[in-house]
Amino acid sequence: MSWISTTLTSSLGKKLIVGITGLFLCSFLVVHCGINSLIFLNDGGEAFNIGAYFMATNPVIKIMEYVLFLGLIAHIVQTLLLALENKKARPVGYFKENGNANSKWYSRSMAILGTLILIFLILHLKHFWWSKVSGHLAETGETMFAEMLEIFEKPIIVVIYVLAQISLAYHLLHGFSSAFQTLGFNHIKYNGLIKSVGVVFSLVLPIAFAAMPIVIYFGIIK
Amino acid sequence: MTALNSKIPAGSLGDKWKNHKFNLKLVNPANKRKYDIIVVGTGLAGASAAASLAELGYNVTTFCFQDSPRRAHSIAAQGGINAAKNYKNDGDSVYRLFYDTLKGGDYRAREANVHRLAEVSVNIIDQCVAQGVPFAREYGGLLDNRSFGGAQVSRTFYAKGQTGQQLLLGAYSAMNKNINSGGIKSFTRHEILDIVVVDGQARGVIARDMITGEVTRHSAHAVVLCTGGYGNVFYLTTYARGSSGTAIWRAHKKGAMMANPCYTQIHPTCIPVTGDHQSKLTLMSESLRNDGRIWAPSKQGDTRKANEIPESERDYYLERRYPAFGNLVPRDIASRAAKERCDAGFGVGTSKLAVYLDYASAVERYGRQEAGKKGIANPDQNTIETLGREVVKAKYGNLFDMYTQITGENPYKEPMRIYPAVHYTMGGLWVDYNLMTSIPGLYACGEANFSDHGANRLGASALMQGLADGYFVLPYTIGDYLAGTERKSIPNDTKEFMDAEKAVKDELNKLISINGKSTVHEIQRELGLIMWNHCGMGRTESGLKEGISKMRALKDQFQKDVKVTGTNEELNQTLEKAGRVADFLELGELMMVDALNRNESCGGHFREEYQTEDGEALRDDANFMYAAAWEWTGESGKQKLNKEDLNYEFVKPSQRSYK
Amino acid sequence: MSERHINIKLKVWRQKNKSDKGNMEEYALSGVSTDMSFLEMMDTLNEKLTKEDKQPVAFDHDCREGICGMCSMYINGQPHGPLKGVTTCQLHMRTFNDGDTIVVEPWRSAAFPVLKDLIVDRTAFDRIQHAGGFISINTGAAPDANAIPVPKENADEAFLAAQCIGCGACVAACKNSSAMLFTAAKVSQYALLPQGQAERYRRVEAMVAQMDKEGFGACTNTGACSAECPKEISISHIARMNRDYLGAKSTSNAI
């Protein structure tokens, strides 16, 4: 099976993993965003809690949760490895650089944007995942929605969440179409579509996510 | 005097090469791997020769001065490559290509060589397509052609304005295949500074590693020089800055004869000189003459802008003088006609040394065609121009862009200014029919030899000749020589090698030790001016004599006062250039000696004393129907003349007419 | 456009040889004609330095008409300077203004070590080509050129890829020093032509392996390579190589 390891450790193979896991994470974001958006029904979190309960108990989802973690870890590890190798590929830098002349700043800053998202993710998991896994929710009998209302009371948390969504937006703005390029999907007939979907995707999801702490903080959703 | 035997086989024109191939000795496949061959230069001729020889099984070592074989100056050839495929069904044939080339060369080439060239031209296209060269194609998927100067058929295959690049990358890929399989060992950033001759046979080279300055000895059973032309003796030319005459000149000094060194091609459509700072001239492909019309104002000293000069006051002098071929006359004729107009005071631009190449009528014609295709009835002028410009852009876009880059002007809106510039040297090392020089075991291919273009080369024929020599001629003929030599490997530490190495080192150290005041650049510019003024488009006896004495004085100045900074033991571009200029100083002198000897006008060699009433070149077949092969006698300018008579068995030379 | 004369300041990377550390040096040049090419401006500087008994700046150049790929200067933060679709030799001084400071550096990549001043070693590119940048056909074995029709679209697209001049601007521009555009241009050219099909998978596997071995970084699709490529080669060729590589790795017999 050496061909598999040589493929996956080649520069193209690593990119492939980043691209595939990236798109997989995008699909997770859609589900996540879909369920969370139930709070906008403003029904006191009823629909949302049903969704959250389903997600927490459905066996398929539970399995997918592990897959998701694996995907996330693979995405992080591979990008980390690539970033290190890419850094090594230019040991002496330039005296003067004008990167904006040939590329977008966020395309060149995927590693930084990704790291910001990762830091946010740790906080986010502490807020909403740990409370579930640790049995905190079960102990107190609180719903996920109530947990949300509680956490988003603090303005600093709201600011962090919003900033993280801005990072995510730029990360997706490059990452979405970039994944297709890495997988070899580049055709004049579909490039426009991929690009447009990518832009819409990287705007709609982060805006929806960012809106959640904001509306809760300002008491619009109760 | 060394007897000049051109070894042209007997028989009818069409049978010569066929019979000759059969009669050549062969080296058995198992023995081929025992022979080492050095190929110097990796342009079309060198790369194709190296690849083909390695495929046959020989051990090939290549050298180039660039950082990669892919950068040889063949890469800059724009327009195309000729081949007698007759895909256009317009009456082309091997014989017609042969005849056009011979006539284009003003009957100063060997019939047998030129016919062989025309024969193998068809194989070249097959070979290149199989290598993945992306030639231009028609919608049916078959190859497209266009026409070039000196021909009335469309036989030129092309890849936009980058045909040379694509062909060279094809030959480079063939080299890569053999480097990958171990058949070729490639040295880059190495300059060949001497040829080693052992017992009268070429047995190796002395090279300088241009990164470290190390001088090394390399031995082989045969040496092939594919180092291109020596036109940079004129300084301002279309050549790459690194193109030099050094390898062939040092071979010359070791006994290889230089043939017809004065035959220089001045290309008619180059971007004119703008100022003293200029380092090179840029060619605008001859293919532009397919659609462009060349004109000068019909009033002397006209200072109006081109677009302000009405149609009635424009003199389309090529169409006027040569109605049959019009703008597509051969290069030497087009160049001289431009010079004639400018000398007579009809030139344009600030320097007055330029004429116009105008695309207005092509834009109009294509615009109307396109409008017709699109079903636009009665299109307005704006629509026609927009549509026409699109077609012109698709065909010649990269050339127009280049013009804009260099001049800052928009050639879609106003005519381009052009003037002739040195582009190619038809002369070179004398070779026999087998491409062997007068030193046994030393071969010369492509522009480095003198053999196929006579006194003028037709457009799109340089690529053809380089590849013909490398792919289809040398691989056959070199075996004939090798079969007769010993197979045991050649040692590189014999006295001849050690002496040559020492001489090269001494020469390098000498250049550095002079430490005078004149920079290499200054001397090279001066050298170029002497050549252009005294041995350029129009040559005279008195002018040449004056040029020779100026050249001697300049050489003297160089030897006493040149300034070379740095040391030999490092990457030293000034030292590299100084060595090349030293050779050019002698080579330029020989060119003028040759031009002075040739008391006639033919092709690219125009002696003003010898012209017809209407200013055309006047040949003297009775006295000059020969190739002048100059033999080194130990002193520059004192070479001995050997004559190889040109026997026209099949074609009767006549006064060239393109009227 | 009429000629002007400008005064400029240059900051140029000077490095004696491969092992030297190197540093930026400053030079002033006055009366530079705007009709000069960038390299002619450098010639002028060198002539001045020579007269002052200083070492001229070593830089690669040859054809000076934008096709050999030899010239390689990183000018004011961009390979080949600020203009699109242009090599250093075709960049003219009319692009700059009086009083400008121009920073000139060599290509920077672990795979392109500096040999002297602005000259780098690009033989890594050659080795990628040696690995598979060819169609294995021996001289004389070719069928008639028109025996296999090639759709014009494919021939044209192959030509666009084949235009690569191997200058290395893609590597210099890429924040990862990736050679993907260079490698893809050759892979894609042959992948588009019927003649290239026999070795299609073998080629892409070999060339990518060599590319990785040379120490180039990976592609992160920033598009800087294509934006700076003097021949404006599209990253669609990289996508084609990605496809071919995936196809090759998953279906070829090379284990």
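To keep things simple, chains are lettered A, B and C as they appear, and every chain counts its residues starting from 1.
By definition in this document, a residue touches a chain if its C-beta (ideal position, glycine included) is under 8 Å from a C-beta of that chain, and two chains touch if they have at least 3 such contacts.
Keep in mind it's a predicted model, so treat the numbers as computed, not measured.
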If I average the Cα coordinates per chain and compare with the overall Cα mean, which chain comes out closest?
C
Compared with chain A, which chain's mean CA position is the farthest off?
B
Quick one: report the Å distance separating chain B from chain C, using the average Cα coordinate of each chain.
26
Rounded to the nearest Å, the gap separating the Cα centres of chain A and chain B is 61
Distance from the CA centroid of chain A to that of chain C, rounded to the nearest Å?
36
Show the residues in chain A shared as contacts by 2 or more other chains, in ascending order.
none
In the complex, chain C touches chain B at residues 1, 3, 16-17, 33, 35-37, 39-40, 43-44, 46-47, 50-51, 53-56, 58, 60-70, 85-86, 90, 92, 94, 115-116, 119, 121-123, 125-126, 129-146, 149-152, 155-156, 158-159, 162-163, 165-166, 189-190, 193, 195-196
Chain A residues touching chain C in their complex are 2-3, 6-7, 10-16, 82, 85-86, 88-99, 101-104, 107-108, 110, 174, 177-178, 181-188
Can you list the residues on chain B that touch chain C in the complex?
48, 51-52, 55, 66-71, 73, 75-76, 85, 87, 123, 125-143, 159-160, 162, 165-166, 169, 172-174, 176-177, 179-180, 186, 188, 211, 238, 240-242, 274-275, 277-280, 282-283, 401-402, 405-409, 471-472, 475, 519, 521, 563, 565-566, 570-571, 573-574
Over in the complex, which chain C residues touch chain A? Could you list them?
11, 13, 24, 74, 76-78, 82, 103, 105, 108-111, 173, 175-178, 208-209, 211-212, 215-224, 227-228, 235-236, 238-240, 242-246, 249, 254-255
